[in-house]
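What follows is a set of notes on a single structure, which appears directly below.
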Amino acid sequence: MQFFERLMMMDRRWVFLFLAAVCFFTYYVEYDVPIYVEPETERIYTFIDSLPEGDIILLAIDYDPNSMAELHPMTYTIVEHAWRKNLRLIITALSQNGPGMADQAIRDISDSLAMPATYNGVEYPAREIVNGEDYVFLGYKPYYALVILGMGQDFRLPFPNDYYGTPLDSLPMMRRVVNYDHVACVISLSSGTISDGWISYGQGRFGFPLFFGLTGVMTAQYYPFYGSGQLSGLMGGMLGAAQYEFLADNYGLARDAMKVQLPAHVIIILFIIMGNVGYFASRRRERLGGVS
Amino acid sequence: MKYLLSAVIVLGLLAGAVWAQESDQPSTAAADTAVSADTVSVAPPAPVGNLRAYDSDNDHGHAVTLEWELSPDDGGGDNSVLMYEVFRWYPYFWDTVQEVRAELVTARQRRVQGTLDVEGDPDDYVKELVSRHTELLSTLPEAHEQYPDDGEFRLVRAVPAGTEKFEDRGPKDRLAEDFLPDYCDFYYRVDAVTIDESVRTPSQIVGPVQSYGQWFNTGRIVVLCFVLVFGLLTILFVQRARSGAELYVRPIAGIEAVDDAIGRATEMGRPILYVLGLGTAADVATIASFTILSRVAKQVAEYQTQLIVPTYDPIVMSVAQEVVKSAYLDAGRPDDYSQDIVYFVTQSQFAYVAAVNGVMLRERPATNVYMGMFHAESLLLAETGAIAGSIQISGTDQMAQLPFFIVACDYTLIGEELYAASAYLGREPVLLGSLKAQDVAKAAVVLFALIGVIVTTAGSSVFQNLFKVTD
Amino acid sequence: MTFGMYLWMTFGIFGTLAIFSFLYKDNPFYKFAEHLVVGVSAGYFVIILWHNGLTPNLFQRLADGDWYFLFLNSSRPEYLIPAFLGALMWTRFSQQYSWLSRWPMAMYIGIATGMAVPLEMANRINKQLFAMMNPIDFEHFFGTAGFDLLDPTSGLSQLIVFVGAMCALIYFYFSKAHEGIFGRVAKIGIYTLMIGFGASFGYTVMARISLFINRIQAIEAWRMVGFDNTNENYHSGFPIVFWVLMLGIVVYAIVEIVQYRNRPPETKQPAA
Amino acid sequence: MKRQLPLALVFLFGVFMIFQYFVPHEKSEYVYEFLLDWIYIIGIFALALGIWSLFRVSVERIKLRKEGATYSYVALIGLYLMIAFGFTAATGDGGALSTSYYIWLLLGVVCLALVMRARAETASGRKKLLALGTLVFLVGFVLMSIFDDSWAYHFYTAEGLSNPMFRIFFDYVMMPILATMFALLAFFIASAAYRAFRARNLLATLLLLAALLVMCRFNPYLPGIDFIAKASNWLMNVPNLAAQRAIVMGVGLGMVATALKVILGIERGYMGK
């Protein structure tokens, strides 16, 4: 059992070095990771895919830059999918330092829409995205609970004008659009607290179909709400984003990251198993009265 | 009874009015169809059946709900109904109110930008406009009583065919354009409209109906009962605990660990690190953590070991100082207390954790106690604690962090056990009383769930609907 | 991407590497980055709370009053009370007046907990209890589409959900010791809880690794900008900055190895 | 007076807020929004408490020349710079900041450092010298801000938020460092997986087995991946759902109980008795 003994006493920094090396290496290797799609994510894709042209989706980008790593891929793939299908978007950012980031993400996506991109051999016609016709960005207001309640009455109540300061009534898209009744569904991307607000103040009160994109850490906690029907769909962390990208046939940030997720998980699984094998080995030796 | 009587009179009146409307309606319609002879002349659809209007229940007012039966030509007959248009009777007086409102809103906006050029003090001009606007609003109910003269029916909104219910809801903000006043008589009419806009059939007019806010939300009775019963249970058990009744609480593994961990720290003469987590003073987990801190501080004062409490939130810092000071007082060592036992680090999550990790590696505490609200940094703490070789006891109600605490710490209080620990450790009869109240409530919940499943699986959802909360 | 911005981007990468150096040991670079972010984030909170918090909620409301009347003549003087109470919180620093800060704190906690009671009761207990009473579907007991033990919508799964949740609730029952049948039921409860925690553990591992990948993507973006000659204001300065930082890392590594090699024997680095 | 009034206040506001939930009437909603505004403002003042305390701790470390005092300088300068950026902006919409602005900033930094050095200095002669130096730089600092019209202070309106330096410090100083702190966790999980995550008892074993099942789903090259993926999806939707539902209800009851104790004045821990 000397091998495990030495491994146990090994300095933990070798472990870090090993993980960092594997991750950097696999990031540059080109190989494809097949994705197994779960029903929770598929329901979001099929709902959006079945919407007729010109329908409106409320996308709530309620996360901060520090959980951007997992939720930005979701924003990119959902917005691109919606605009490819000529749907229209109302976008809000209810977290304190989120609006600047959300605004920059929208500009990024509309630029990539303008190019006649052929994604991994998939032909998409180029589209010019116009603020006020294809999307409206409402920006940030404090007290997310009151904002969600206010939007149930009328978008103009919490947001008399949009993030750029233009009054809502002068935006062509917002004519005859008053509250949640005129929105096909609400998709909230957030890392926890604001999601609770959408469940109790939003869906609980106005009954619209609600989909969630969550950071990996919070996903497991929201299955009871998916089970009880308050949530109609759930995307969990980078894996959820990769599944959506696979369905929308749009190889993006998440699929790119899955190349590294795979070996990293293999390493951690091996470490847990090795650690425990070493642990049981030393415990068995102790019981046999050997040198501890 | 009063409503019934007035309703009958109104209906009689309405029948006359509708008949009058009916007569002139076809004439205009005929004229139109003659004009658009080339388009397929659509026969006017049958009107909507027994239109009812009533104040929306359980809301803060400013909303009226309309219900009607679909027109026979919607889905059946010659299926010519494309949508329904809801009309409401507006007094002309309403337009003057809107003008003053618009003037007030622009004046206010310009006042904020400082471009309001008006003789005299702009603030007084705005205040005067506000008083005029409120005065006009108060006379709205009289204006609505003059129905049907000096007013007209105006379109509220169009709803697609197939809808049988519509809620005319306006914001409660007086300055909003579509503000819907309370306590005014409203009259409604729903037109069944075909593809050709001009071919339509109005329903009979319904009203007067007033919108007003209710003082009690009947949809939430269940919640009120649960809260009241739970409150009474808490008071009852607290009284029993105060009167000295012995209340049994089962031993919790994590809590015993806290006591002998303090003993271990004293023998080794190394400090104890107590982390209150990232919650604010209003978070329940942090409040529970205060009680455990006061118990730990009292024992530390008695054994004269060193205690380190780095805090994340300013209010928690001040409260913790207060708690530790009184603990040292109770232990009879007020002079040992120094201002630097409890100190504020930073409001940024990870800068705080890095600082606490630094303390762990430098001071090498014998025991780390993490009690309260933790987020992503829990593993960082537990792992560094493992490196520093300290006994680690954790307790949090943040479900996402519990897995890491369970596998990386020696003892973990799972969710509620943290609240039970503050009652058990604090040995306060009062806290134990509240814990017992919770237990009774839990037993009740388990019982209801059991009965509920059996009854609903057997087919009747009566029992389940008892617990339905309509927001 | 101007050269100035590229320098700031390099500083960002330097900050990233400084924090990663904490994995090696608590070194001056890490301390510098840690304290810098402590100061900058505190400053950031002051600005955000002033511009997004105080100005709209307090100053703009008192704006139409005049400061020499202490804003008493503003149209909404009642907002002076929370401002005064907030200032009262600052008595925390003086020894003899610190009890004054208890009033605003009492209000703060009274309102916050008062709001939480009905909300938590409605959303966490009533709604979940209502969902727990959903009927168990005995016709499709072994799977809605034919025999399938692992079908989450089958009657069997619904039964497991119900029994698991019940036993887990009973585990949190503190008035009875865990012995006999009651002990076994509580045991099933804690087993379900452990499976639940295992599931969220798995997802959290994925979440953490994607954060690290995000950092790799940031470093990759920085490298590409360094050598992207299609950029119109690209000049030789870009790669120089790139290699200077790389050189710095190599030099630091060499210094550490040399120090490690001839360190005095007794202070051997403990196997952390 | 010191103890009864706060408890009465907690009880009064607590009970009102509980019953306000059941009264949808406009007036109760008006008071609800009004009180929410109040605690929002009080919360902001309380945070100023925290910043002041951070400032005091840093200044204390510098004064007593505690180990690592130089890093307190870094924290203070970071605090000063961020606040300076937040309240100033270049005049005109160009947004570009003139060099005099940077000189003004530098003067402020030197002033701050000198004040700290003066406070830490014990020898009275040098203390006077440093105090004089601070005064000179302070005068220069103030004059610069008055006579330089290429930029201006903005306390009432939020131009400071669009100050390019404020945005640069947010994007290239705060975000990378904070994001990397999160990323550290990936490494700690790897080393903790190896050393801390032990199947000590049946509970930890169950937890690790469930975790391994969920994590195996990422590796589609494993044999029998379809079964693993289906099993992991079932695990998320059935046992995990049961566990989380029990936890949500348990924690909910716990929160309500503790909140009621605070309102009824039973639980006084937060007041420090």
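Order of writing sets the labels: A, B, C and D. Residues in every chain begin at 1.
We take it that a contact is a pair of C-beta atoms (placed from the backbone, for glycine too) under 8 Å apart; a residue touches a chain by one contact, two chains touch by 3 or more.
No experiment lies behind these values; they were computed from the predicted model shown.
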Leading chain pair when contacts are tallied as C-beta pairs: C-D
Distance between the centres, which are taken as Cα means, of chain D and chain B, whole angstrom: 25
For chain C paired with chain D, centre-to-centre distance based on mean C-alpha positions, whole Å: 10
Intercentroid distance (Cα basis), chain C paired with chain A, Å: 16
Of all residues in chain C, the ones touching two or more other chains: 22-23, 34-35, 37-38, 41-42, 45, 52-53, 57, 92, 105, 108-109, 112-113, 116-119, 121-123, 125, 127-132, 134, 161-162, 165-166, 169, 172, 193-194, 196-201, 203-206, 208-209, 211-212, 214, 272
Shared-contact residues (touching 2 or more other chains) in chain D: 18, 21-22, 36, 40, 46-47, 49-51, 54, 170, 175, 178-179, 181-182, 184-187, 189, 191, 195, 197-198, 203-204, 207-208, 211-212, 215, 217-218, 233, 236-237, 240-241, 244-245, 247-251, 253, 255-256, 258-260, 262, 270-271
Contacts with two or more other chains, residues of chain A listed in rising order: 12, 16, 68-69, 97, 142, 200, 204, 217, 220-221, 224, 227, 239, 261, 264-265, 268
Overall pattern in which the protein chains touch one another (line/ring/star/complete/other): complete
For the chain B and chain C complex, residues of the former touching the latter: 111-112, 123, 126-127, 130, 220, 222-224, 226-227, 230, 248-252, 281-282, 284, 315, 318-319, 345-348, 350-351, 354-355, 358, 361, 387, 399-400, 402-404, 406-407, 414-417, 420, 435-436, 438-439, 442-443, 445-446, 448-450, 452-453, 455-457, 459, 461, 463-464, 467-469, 471
List of chain D residues in touch with chain C within their complex: 2, 5-7, 9-18, 20-22, 35-52, 54, 68, 71-72, 74-83, 85-87, 155-158, 160-161, 166, 168-187, 189, 202-204, 206-215, 217-218, 230-253, 255-256, 258-260, 262-263, 270-271
Chain A-touching residues of chain D, taken from the complex the two chains share: 33, 36, 40, 167, 170, 175, 178-179, 182, 186-187, 189-191, 193-195, 197-199, 208, 211-212, 215-220, 225-226, 229, 233, 236-237, 240-241, 244-245, 248
Touch list for chain B against partner chain D, complex: 58-62, 172, 182, 213-217, 220, 223-224, 227, 230-231, 234-235, 238, 281, 284, 287-288, 290-291, 294, 313-315, 317-319, 321-323, 325-326, 343-348, 350-351, 353-354, 376-377, 379-380, 382-383, 386, 397, 399, 403-404, 406-408, 415-416, 418-419, 422, 426, 430-431, 433-435, 437-438, 441-442, 445
Complex contacts: residues of chain B adjacent to chain A: 169, 171, 173, 176, 178, 376, 387, 399-400, 471
